[in-house]
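You will see two complexes here that share chain A, one where it goes with chain B and one where it goes with chain C.
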Partner chain A sequence: MSTITSLMSRIFAGLQFENSCDVGVFSKLTNAYCLVAIGGSENFYSTFESELADVIPVVKTSIAGTRIIGRLCAGNKNGLLVPHNTTDQELQHLRNSLPDQVVVQRIEEKLSALGNCIACNDHVALTHTDLDKETEEIIADVLGIEVFRQTIAGNILVGSYCAFSNRGGLVHPHTSIEDLDELSTLLQVPLVAGTINRGSEVIAAGMTVNDWTAFCGSDTTATELSVIESVFKLREAQPSAIVDEMRKSLIDTYV
Partner chain B sequence: MPTELRLNRQIIFLFLLKHPAAKLQHLDYWILNYQQIKSKSAMAANMFVVPQTKGTVLCCKCGILMAPNPANMCVTCLRSEVDITEGLRKHATIMHCPECDSYLQPPRTWLKAQLESKELLTYCVKRLETDLKKVRLVNAEFIWTEPHSKRIKVKLKVQKEVLNGAILEQSYVVEYVLQDHMCESCTRFQANPDQWVASVQLRQRVSHRRTFFYLEQLILKHDAAVHAIKIKQMDQGIDFFFANKSHASKFVEFLDKVAPTKRRESKQLVSHDPKNNTYNYKYTFSVEISPICREDLICLPPRVAVSLGNLGPLVICTKVTNNIALLDPLTLKAMQLVEYDVFNVEVVSPEFNNGASKYVMADVEVARVTDYGKLFYVRTHLGHILKPGDRALGYDLYGANNNDNELDKYQNLVIPEVILIKKSYEEKRQKKRGKPRPWKLKSLDMELDESRGYEEKMNMEYEEFLRDLEENPELRFNLSLYRNKDYQPSEMASVSDGDDVPSVPLEELLADLELSEEEDGDDSMRD
Partner chain C sequence: MEMPRKPARHHRLLPVRPLTFSPFARSVARVATAYLVKHHMHDAMQQSAGDEFKEKLKNIDRQSESSEDEEFDGVVQADFAFFDPKPDDFHGVKTLLQSYLNNKQWDLSGFVDLILGQTTVGTVVKLEDDEDNGVFSIITALNLGRYKDHKCITELKEFLLNLCHEKDKIGNLRSLLGDEAQKVGLLVSQCVVNLPPELLPPLYDALFDEISWATEDEHKNANQKRSSSTDKDEAFVYIKPEDEILHKLSMWSFLFPLQTQQVATHELKNYQLTGIVMAVKAEDISSFRQQLHALINES
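Moving on, here comes the complex of A and B:
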């Protein structure tokens, strides 16, 4: 990430995985890699590939034989956690495809949909309140972050109802102001309550985000997109160290 | 245990939202704060709970700031998105009979209802029943339409669940077109107004019509002739015509209860359908009331007198209901009443209660008004009301000519010369003649028998009947008397003797019913 300085912050909307606008279910995006599910057509994969291929590896995979990989695994630039029912081949495939500094770890946990239970960025994680103590330790260990047990708007599936990167975060629309303040303090990033995919409250299922890119589902309205690009700070191009001459900060919006 | 509410499906009512930007015409929204409910329940459990304030999000469509709701769209966007009245009927047709102002409930019932009444509203909503199964009806009311426009408009407010749990409330207008269609009974009536299926011929073989006046009032009070399509006055009786045999039977049963009657039934074949084996008949009931009236003197045949416990052959009839009440063992054929003056009264026995009426036996000294020469000493039962100087009415047996076979059968019968029946208020009535009464009666809508031309006699008899009512509270008991608004109490009322002409006390009078065209022409006022 540090080598890549010229990045055009872009936000992609209008994505569909086999006619479903739930992008965050079928993909996992971090600052170091991107996982994509195996779909019938290559459109989904090619969108990610065209955007990210020269920056980070885009890996097509399945987890536990399913395509809902975004909801089953959790990770950041330091590591990736997969549930206990991941097959050995999948594990091996992941270990082979991802860069070496990313540690892939399979964990034994009763709550196997890790993507729904854990929301994390590169510094801090929010987890389901009933997560095992061991799992919490493994998270802290493998991903190198601080772990907080939290609820969001009364929901314990924190991984589903919020999506945050190192720059900002979007949470469930019914979150109260006190909760927002509390979470914001914990995560040390600005948070906003909003919706995705035309009023859906399940944020993390509808979009996937890292520090410079966001991918949103096809039903997302312009209002929602503007909220996303403002909170994740995707609007301005970062002119930190320009390698690429092209300084397009295009925003693909879907009206 | 954790007290967080796991809300997978939040049902939040959207009601009136007071937002300046939102212009609501048909929709009312407001938002119920479920967080407050949660904290209330937690506080009820005595836990410390941080007060939660609702944040605001942007509407996902138009981007205005709003409080979050299950659809996460602002009110206007939601309304433009979803119309819960889609698929519900906005126009309907109903049949209306202009003659009797009733509405058809298929297949056959006709419901009578006023415009903008509760019954009509219920009927209109019921017509849309199939539609209203899909949504929940909250409110219904009429919108005013011109009565001649043949349109009825009803505003319905409905609720339906949309979009992951939000309940939307919307009102819409249904317009009903009234189609004129005569109902069956009106059609039948129009086709042939004289068409009747059953008739009751009521007769009494006496020369006066007192019984019929009394019966008329009774019928009115009990609404017994409410189904009669025609009532015709005949010589010595009245004919009632009905559209339905059961109505006629019911009327005959009623008559049986109030008067002593003899009845016969017959039927006449009108038409016959050989394929169906159905037969149409016209039924006629012949009801004859016994000729014995109040204040008649009756001579009982010996067998009857013996069976009644040796009641003497001469009796006075005091009351006629479905039984005949007889009093005093004396018999004679009915005669004209003659006036007597009372000179002296000596009470013989104490008060005697005979059921409803009190009597005191007394010896009185009387003389006929026309002939003061002859004084009679007689025993009478009117001791409780007669005083010296009074006038009384009675039967003059002294001057009568008896040629009755029955009397001859009795041997050793002592017939008194005078039998007094009742006290007369004739003198006092002279003063009051011509003055209206404070009460009045209703009357049946009858076709009068014009052919005989005995109108004057009828009026006199009616006047006597009214006097009868004034004197006898027990007669009045079964009838309804109505207050006469036109009556003004006269100043002369203060000048009166100690013994007033009996009149109906005001408490007994019913407040006058309002007369309007709505009533079936059965009732009309007659003074």
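Moving on, here comes the complex of A and C:
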């Protein structure tokens, strides 16, 4: 593995997919892999690639023939869940491109925008209140995490209105203090209520984040960026340390 | 009649060309073409730049048959209001202008900022009491000379020049965008698909009134860039009714292909989506306004 220079700040702002600042719609980032939608300029893909490719695989893909991959799938370092309308080719491509320890599973859930319905890190998930019981079990099983049905500021699309890593999280700006406390206890990470892309409440659409880096849309203001940097503890994040830690536990699976 | 502005709540939309912004707008989108119109117009326009906003209110009763949805009784009450552009409108206006330069990546946010910074000229159409602060239409005019140093304007000019493949017109276009830019206004007009056409005459009236109030230059050329739709059989179908009038009045115009994903209605399925760039003389605008009134009021 090549050496990583540790930067003081690991946020990449100024991203656009075509003319959209909705980074979190066209990508999905975890500690083990990154998915990027096909289409859009090479700049979008290359920003992810240049930052991440030494550490984790960056995979171009579509899901269900669409580019809105970030909103359709949910995953963490243990697995990736894709909706029922994912094609066989896409499924195969993902299985081929992602590390073996990442289990890619297509699930029969009627709420097919999994990325809008599920928000998770490597330990816990928040889900849409109407999610199938079976889906909840698959999340717990495949992603290896605890599942909580929740709303955020009265919104059932929990996957849209928050983004959290193993170190911190950003939630809908109108989340009450009581809800913030409750969610923070469930997730066991510090949370802050805020916005992305110049006042947008749809947090997960405007950004994507893992334990050492965040990618934000180009409308994100300096204030918003500093909040993100602070709550996700990105200032002195060292990706090499984090990935090494993960890899130690994965060594067993190599033949 | 003064109305206080609601505090902003930003309603962010996921991309892929959204057409509807709120539960109300979704109802409107389901309404079919037949409708009844009732006019209530309060003319409370205020001239000076110091005033916060102006408004015209229109109540529109829309009645229609909607075969798809039995629960929906087909009547949608909409109170549209006209406002000066404000910084809060950023997301709504940006969404409307998402495909303004086709798929070209450019400083769209900067362009929207220019529009919103110009509070004396331009109108944003929103609902009276909309929590979501959804923007249904934006209309404004930007003086190309005044904003020539802005990155978005430079990119826009480059885009237009690259579009024009007709030798006899490119000279005209170049001069309008170049040495004549001080006298040229770019008309920016975009609205949601089902915006009631009754709103168009007062919207355009307001714009051109504001322009003449804001400037003393009588011989201003209005350079307009818009989308319209044409088909291969040389019958033009204009998505925006005002485009037909402008096209007839224009000094010159040229067409260009559109790559954006526009939702084609059933009737327009066989038509190819095409953009049009038109140059219209300022002195023809009063004729435009009359014709627009006539067109909308008689249909």
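The definition used in the following text is that the second predicted complex is superposed on the first by the 226 of 255 C-alpha atoms of A that agree within 3 Å, B and C clash if a C-alpha of one lies under 4 Å from a C-alpha of the other, contacts with A are read in each partner's own complex, and residues count from 1 in each chain.
We adopt the following convention: a residue touches a chain if its C-beta (ideal position, glycine included) is under 8 Å from a C-beta of that chain, and two chains touch if they have at least 3 such contacts.
Because the structure is predicted, anything quoted here is derived from the model rather than measured.
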item: Partner chain(s) touched by A:Thr175 [first = chain B, second = chain C, both, neither]; value: first
item: Which superposed partner A:Gln16 touches (first chain B, second chain C, both, neither); value: second
item: First, second, both or neither for A:Val202, with chain B first and chain C second; value: second
item: Touching partner for A:Ser218 - first (chain B), second (chain C), both, neither; value: second
item: On chain A, the residue positions that both chain B and chain C contact, one per complex; value: 195, 198-201
item: Of all residues in chain C, those that touch chain A in their complex; value: 8, 10-12, 14-16, 90-91, 98-99, 103-106, 108-109
item: Residues of chain A touching chain B in the complex; value: 129, 151, 154-156, 173-180, 193-195, 198-201, 221-224, 226-227
item: In the complex with chain C, residue positions of chain A that touch it; value: 16, 18-22, 25, 41, 68, 71, 195, 197-202, 205-206, 218-219
item: Chain A contact footprint on chain B (complex, rising order); value: 2, 4-7, 10, 35, 38, 50-55, 57-63, 68, 71-73, 163
